[in-house]
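I've put the structures underneath this note.
Each of the next two complexes has chain A plus one other chain: chain B in the first, chain C in the second.
Up next is the complex of A and B:
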């Protein structure tokens, strides 16, 4: 896996441990579908930050596609 | 009532109000009590009119899925603008009345009663000596009324055969101007097949989707149901729509002994047609019009039988467990399944988790009916229209973006809706109906009430010509 990151530099820190968040390749699973994405995660506890624009944007669109009507 | 009938006790947990409901007498259309009763693996709706005797009709066959589990509990959402008062009670006060329990998901506008097919299975009594077509000003008023009473619902232009009107493109544009986001054409496809450029004209006018009568892939089927060998015309209609970039949904009327063994072939045809063919929507035959004798149970096919037939006829590519009861209309009115096409042309359920989940199809917690209507309106508009082109200038940056691009294009829906006739009418279902026909005098009437006819053909609502 490349060390190149497409995420902008941020000052986000983990709310639980106070550690710096760093980009990490993460598997996101929803209704049996797995998506691989680069997200900011805590180096210590692994807590992942899902930014609001992702949650309200593409993740919401995927939810709409996969959920029942 | 015969002695081998037993109340279906599971209904008490599965269907809320227990086995008791109300219906109408098929002869006089008076409201009478009715019961859902188990007969082996089947469920029948049984009722007794003090004047005309006992009636019963099968409404569910088989154990898979289980009738008791096929639920989707909702809390009622009443009309914000009821046009009628409750005077005689359901089903006599439609318009909608203040006691109707679901909003409008799809409003049907019948823009003509003329038709170029004389089908024995037409619910709309098309082809009878008719009234003249409503003029554009009248239709403009209908759109306004639907907007006022039905809000941001989907619209289906129906008839008769809507393509009999030469001003159909103008009517579609009229609906678009009134900001209806999804306008669908309910058609037999003959004109779409005949005039190569017609589909493009409709698309340019703003049509979202074609709801194409498509009973099978063999001429024998079309001959049996429509009286003509329509196989090549139907295929040409599909081709012309796809070429014009119109989303198409195939709509087979399923009749036992005619095309119930053809469901897998219809699906297979749809899957080969490419991503603009958005889904197949099955309609088990119902009996409207004149019937001197009650339709026999062997002339009916129920929702679980269609699910099972799809599993069997696709060699297990789709499974009964892939289907869910609806969140909008009453659970017993329909099923639907959301799928994704795979690279080798098969289907897999969009929600893989569903196959591995041990739970039944029903939700435990009731949800507001309005929420179900809102979701259904959105899902239908997204799924049944042509997929929106990806206008992103950048390449997908991760698998979520890639999935979105692919899923929007390669999603596919399989669904069915069973209409109720005078023998199967269950007023609990009717009260949750979300498919509403706009009557000529501007009232939204639930579809099965609007089309209901007594055994002698006398309509409850539809105006006699």
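Up next is the complex of A and C:
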């Protein structure tokens, strides 16, 4: 799973500390399941950006699966 | 939605992507799960085991290296056997239908059957054949998709055409159905372990990789069949489990 990468083209900076966002291998956990993927994260504080299409698309469908709906 | 598997060989590039999801064959169970089931059988070194539906041979390699068994691999897909042959020399591989194998009656100490019966329109034929090749008291390890909501099976799911466009939900049975077939063929069910969580995790991986389960299915099936597979997954709530069974002493079958 670590070969999955969700890096939107963006010039956004961290909303918390204003630093640049850079790709980072991140563990995403839900209901005891961990998925590893590359996401943009703040170089300074580590805040991770989850793109909206990922949250509303793949992540939403995975949540439904894990909730056994 | 729920993941289901198919026996269709995808295009080479997609096949590699699919295999990378599970470190080998596209199936919910891990190699550790298979090893744990085999360990419970207490087989002697050199015992004869038939891997029915061996595919790319992930289990064969483990069975030989970890348990030192005399393993025979059988699959209907000549392409998979060819790939397996290239990877290891000296493997005893046979291309045959699960319902009609060339092995002698009562010649095997154990049979491993992973994610096979749900792809067959004739699971009973395969179980009859397994019962034939097993020695009395021999073991069967059966891991497969099973249906958790059989009431969701509609008329549209019945009488699916057999052949290359088969997905495992076409023929997956519920747990009592599997146990009934096993009993009919002279097996005593020793245990059943539910590992539906592994199927769910595989489905999640497919969603992350392909964007949705429907998109995954569309890599393997025509769009109409892909949509049907998705809908069937929602209705039937597939689970995944491992049966351990033993052939009765009095069922010789030749």
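What we mean here is this: the second predicted complex is superposed on the first by the 59 of 69 C-alpha atoms of A that agree within 3 Å, B and C clash if a C-alpha of one lies under 4 Å from a C-alpha of the other, contacts with A are read in each partner's own complex, and residues count from 1 in each chain.
We adopt the following convention: contacts are C-beta pairs under 8 Å (C-beta built on N, C-alpha and C of every residue); 3 or more make two chains touch, one makes a residue touch a chain.
Remember, predicted model here, so these are calculated numbers, not experimental data.
In the superposition on chain A, A:38 contacts chain B only, with no contact to chain C. After superposition on the shared chain, chain A has more residues touched by B, the comparison being chain B against chain C. Touch criterion met: A:62 reaches chain B and chain C at once.
In the superposition on the C-alpha atoms of chain A, the part of chain A touched by chain B in one complex and by chain C in the other spans residues 33, 35, 37, 58, 61-62, 64-66, 68. If you check the complex, the residues on chain C that touch chain A are 1-2, 20, 200-201, 203-205, 207-209, 211-213, 237.
Of all the residues in chain A, the ones that touch chain C in their complex are 1, 3-4, 33, 35, 37, 57-58, 61-62, 64-66, 68.
Within the complex, the chain B residues that touch chain A are 324, 326-328, 336, 338, 350-356, 375-376, 378-380, 382, 397-401, 403-404, 407-408, 411.
Within the complex, the chain A residues that touch chain B are 6, 28, 31-38, 58-59, 61-62, 64-69.
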